[in-house]
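Chain IDs A, B, C and D follow the sequence of writing; residue 1 opens each chain.
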Amino acid sequence: MISVLVAGIFTLAPPTNVVVSDTPDDGGGAITIEWQLSADDAQLQRYEIYRSEDGLKYDKVGFIGRGRNAYEDETQDRTPYIYKVAAIMDTMRALSEPSTPVMSSAQWLDRNKINIIITVLLLGGMILYFIYRARRGRELYVRKISGLQAIDDAIGRATEMGKPILYCPGIGYIEDIATIASLSILGEVAKKCGQYDTKLINPHFDPIVYTVAREIVKEAYTDVGRPDAYDPDSVYFVTDSQFAYAAAVDGIMLRERPATNFLVGWFRAESLILAETGASTGAIQIAGTDQVSQLPFFVTACDYTLIGEELYAASAYISREPLLLGAIKGEDYGKIIIVGILVAASILGLLTKVPILQLFR
Amino acid sequence: MLVFVFGILGIIPFIIPHPAVQNVDEYLRNNLLKILAAFALILGLGSLLRVHIDKMKRKGQNWQYSWVLILTFVVSAIIGLFGGVNGTGILPTRIGSFPFDIWTIYLNVEVPLGATMFALLSFFMASAAYRAFRARSTEATLLLAAAFVVMLGVLPFGNRISPHLPSFAQWIMDVPNVAGQRGILFGVALGMLATALKIILGIERSWLGGGGE
Amino acid sequence: MKTTDLLMKIDRRIIYLILLVVVTLPLIFPSVQSVRVMPPVEKLFNAIDTIPADKSLIIDFDYDPQTLPELEPMAIAILRHAFERRIKVLALSLYVQPLGLATNALNQVTAEYNSKASTRADSIIYGRDYVFLGWQPPPLVPILGMGESIINVYKTDYYGNQTDTLPLMQRIKNYSNVGLLVSLSSGDPPRWWIEYAQNRFGLHVGAGITAVSASEFYPYLQTGQFSGLMVGMKGAAEYEEIVSSQMGIVGRRKASEALPSLTYAHLVMIAFIVVGNIGFFIQRRHK
Amino acid sequence: MTLSHDPWVWISAILSIAILSFLFRDNPFYKLAEHIFVGVANGWAVTFYWHNVLMPSLFNPLFRQGQFLLTIPFIIGILYLTRFIPRVSWLVRIPIGISMGYAVGASIPAVSQAYIIKQIQGTILTPENFQAWNAGTTGIIWSVILLLGVICTLSYFFFSREHKGLLGVTSRIGIVFVMIGFGAAFGYTVMARISLLIGRLQFLLGPWLGIID
């Protein structure tokens, strides 16, 4: 009641010092308007933003709650605009002085992303350098990865038992790095299957991954001189519905009774559905994914698990291709850089007043 | 080569906000890639049908169920294609008060089946925990202990066992868990970066089908 | 030796059966388990409780049949709280599917109150005490538009009434007349309310979410962007608890009834882990 | 106790139970539900791609509005089908290369930002950590432990050196963090999964059997 009276007697204080500018680092089409809050900000309902092209006729273009001193307006590029900001309380309106005219335009570079460019150049350059060195024929060491050592035994076991091997690439798409790593491991597994004459079952979630996998398996059989052993029905598409795929793979596990299950690739919640069903059939299970949220389930339910980067390293390790091994060396130096940044930034952040967090937005 | 060009096309819009770039990017994402995915599905369906028709011909194990699969596929596809998504197509999708448009089928067949598959997880978590959480080695013991504490900590009466239990459980989630996850993520990120570069530069070619050529 | 085998190799089907039984039985024979209310829920309760008389509460009903078991009890408990305190409620959905579920919850709690009320002043009356605004696509339109005028966004309510004729809507004009918004959803809506309604208009936002999406939303609570948060069945049960203990409201408490299932399931899993380890230790000692 | 009169509720309920029966053993009901699941999922996919992608983004604009630019994605999409013709089947690499190149390219900056830069930001120590000894998870002790945990975990993923000496120690500590994290995440997820099961049981006991309301 009192505030109404006060407002009735005194006029409302308008926002002041309206500053407009082209919104930086965008694709054009926007102007940022900033102002100093009205002295009566606490009583206001909102601010309204008015725009004019000729300085005479103003149209309302937007509004924003009280306590806010900036607004981004959508504009046509290369047209000058003048702005006024109004403080609004009930039916009262207090307009600011008009701003200077301003035009919006598009920028070619988003400066907020420079840190990303630097990261990519630094780490990417490191990796490429080591690939280049590997091409020159340097011998490279890669430590043992326990899941990988098990692959041979697992395939051997299936052969002895006369049972098939199930290779499930998960529900990723061809562009997921985990799927790509999975496909190169599939190639090696298929070669072994060809050599030992073990049946391979390879059901798919994504049609494109399926297409690629078919070629890989076919070629693997040809490589080991057993094109006759390749069964075109061993690689097939099931469905692109997550749980329908899980239901179908569960069915395969129980009916075909594979001796070894590979669950390698990109997984979500179905990870444990598959891994537990597989465990109940007594199969040896080798899992691998880069999905941090699913790793706990694989680690609990499977015999061997390739954790995160181990999965990528595995595909290089298994092929022994020097170029791929070179990349691993590069990645390792990348880790040293990250650790270095962590330590250096922490020290800087603690000892100086550099706003260190701003650098890593 | 194609991969290289489109790879660059993928990187650029992230850094350059200019509309000329953003429009090309939007066109790629909204039209080209989605349309390509639609065509890829035809490939997949071809494969699925072949496997099951083969099975029926050979009268392989459980061949009767292949009939079920093909029949439900064909029927739902016909209802969906000609009946429209919400039953607005040319095919009638309602007999009396009984609707059978594709959306109703989806809600009453796919959704409950999916939800039940998802719910199976509670059973699988129990059996996996029983089997694997044994104090065989240091690692297994840590796994067991952390799971144990957190399971007790989130329970409604966790604070009655000890008032510190819920906050200790939360601490495990916030500190060791986050540290472990971040460490893995850095490795994963480097691996992804390396693989992506290798693909764009044509060093990694396994995705083409076979390592050769 | 026999016993250790027994302890270490329990058939998985026995585990499944016991789990199924301990989860099902409490659902068939419901009993309410009381629960300690944790700070995030307490904060939400206080945020709703302190909404001044001239402001209203908005409830965003965005759950579907899948998430209903976790989120509907939250909606019921909040409605009971608001109606008991005579806090005016605006209900809405950002998607079309939840509309029917929202009506169910509103009708249920309204009926609960009106069965006890003797006078018109005691009753909960549509248009005076609450309004169901319905659905106005796309989601961002109401989220932004209500900052200026609610009746301009929702010209008619869910039941087809002109909103400007409803008494409540003449007082509740825009976000400045809204004390708090609670978004009940497992998807994007809580984030949208923060990003658009809160950042632009300073709307206070609380949320009720599913246990699956908990980790995604906790940061918003820590930064203070959420005025309070309920997570999953346990969060719903805590709200039911605080509403019943602080305000003496009686009524079905579905989440609290499901809580024993949740507790027993955890205990069964813990028990099996313990049994397995006992077997393991005995066996190791024998060796 | 009133049983449902809605045939769709019966269908959902029977399918749900068929899936649950799988916990006992594989059986004809599960096989039936599984094949229906896959069949309808594909029928739905066909409907979805037709009505939501091909019609609005390709056929309508191309044939009705004459946007001939769209012949390009159309032709590229058709290249997928060359897969069925052995002589020209290599052409299938063109659409795959496009999808692949674009997605992999786009992942490079995205991965750098989300997995590297953001994670570094969350890990480094700042003076704020020193305002309290153990305030929540941001106090000095915990933030130092977090930093060390991240570094040790990362060292476990060091592949080009044998894990001996200092690296051996740090990678062992790293594994400790990883295992505690896995156990905690497992325990934490139990509640979410049991909630899903309760949801399914409430559906079966409620709308279907009418035992609870």
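Definition applied: a residue touches a chain if its C-beta (ideal position, glycine included) is under 8 Å from a C-beta of that chain, and two chains touch if they have at least 3 such contacts.
Since the structure is predicted, the reported quantities are computational estimates derived from the model, not experimental observations.
**Student:** Would you mind checking which chain's C-alpha centre is most distant from the centre of chain B?
**Tutor:** The chain farthest from chain B, judged by C-alpha centres, is C.
**Student:** Name the chain pair with more contacting C-beta pairs, choosing from A-B and A-D.
**Tutor:** Top pair by contacting C-beta pairs is A-B.
**Student:** Which chain wins if you rank chains by how close their C-alpha centre is to the centre of all protein C-alpha atoms?
**Tutor:** When every chain is reduced to its C-alpha mean, the one closest to the whole-protein mean is D.
**Student:** At what distance in angstrom does the C-alpha mean of chain D lie from that of chain A?
**Tutor:** 11
**Student:** Go ahead and note the Å separation of the Cα centroids belonging to chain C and chain D.
**Tutor:** 25
**Student:** Compute the distance, rounded to whole Å, between the mean C-alpha positions of chain B and chain D.
**Tutor:** 4
**Student:** Which residues of chain B are in contact with two or more other chains?
**Tutor:** Residues 14-15, 37, 40-43, 45, 48, 62, 110-111, 113-115, 117-118, 120-123, 125, 127, 129, 131, 133, 143-144, 147-148, 151, 154, 181, 184-188, 190, 192-193, 195-197, 199, 207-208 of chain B touch two or more partner chains.
**Student:** Spell out, as numbers or ranges, the residues of chain D touching 2 or more other chains.
**Tutor:** Within chain D, the residues that touch at least two other chains are 19, 22-23, 31, 33-34, 37-38, 41-42, 44-45, 80, 83, 96, 99-100, 102-104, 107-109, 112, 116, 123, 150-151, 154, 157, 178-179, 181-183, 185-186, 189-191, 194, 196-197, 199, 203.
**Student:** I need the residues of chain A touching at least two other chains; which ones are they?
**Tutor:** Only 113, 116-117, 120, 123-124, 174, 177, 208, 211-212, 238-241, 243-244, 247, 255, 280, 295, 297, 299-300, 307-309, 313, 328, 331, 335, 338 qualify.
**Student:** Give every residue of chain C touching chain D within the complex, in rising order.
**Tutor:** Residues 13, 16, 23-24, 27-28, 30, 65-70, 210-212, 214, 232-234, 258, 261-262, 265-266, 269 of chain C touch chain D in their complex.
**Student:** Sort out for me which residues of chain D touch chain A in the complex.
**Tutor:** Touch residues, chain D against chain A: 19, 22, 25-26, 30-31, 33-34, 37-38, 41-42, 44-45, 80, 83, 92, 96, 99-100, 102-104, 107-109, 112-113, 116-118, 120-121, 123-127, 130, 147, 150-151, 154-155, 157-163, 178-179, 181-183, 185-186, 189.
**Student:** Given the complex with chain B, which residues does chain A contribute to the contact?
**Tutor:** Going through chain A, the ones touching chain B are 25-29, 106-110, 113, 116-117, 120, 123-124, 127-128, 131, 174, 177, 180-181, 183-184, 187, 204, 206-208, 210-212, 214-216, 218-220, 223, 233, 236-244, 246-247, 255, 269-270, 272-273, 275-277, 279-280, 290, 292, 295, 297, 299-301, 307-309, 311-313, 315, 319, 321, 323-324, 327-328, 330-331, 334-335, 338.
**Student:** Which residues, counting only chain D, touch chain B once they are in their complex?
**Tutor:** 7-9, 11-13, 15-16, 19-20, 22-23, 31-54, 57-58, 70, 72-74, 76-78, 80-81, 83-84, 93-112, 115-116, 119, 122-123, 136-137, 142, 145-146, 148-154, 156-157, 174-191, 193-194, 196-197, 199-200, 203
**Student:** What residues on chain D touch chain C, complex-wise?
**Tutor:** By the definition above, chain D touches chain C via 23-24, 190-192, 194-199, 201-203, 205, 211-212.
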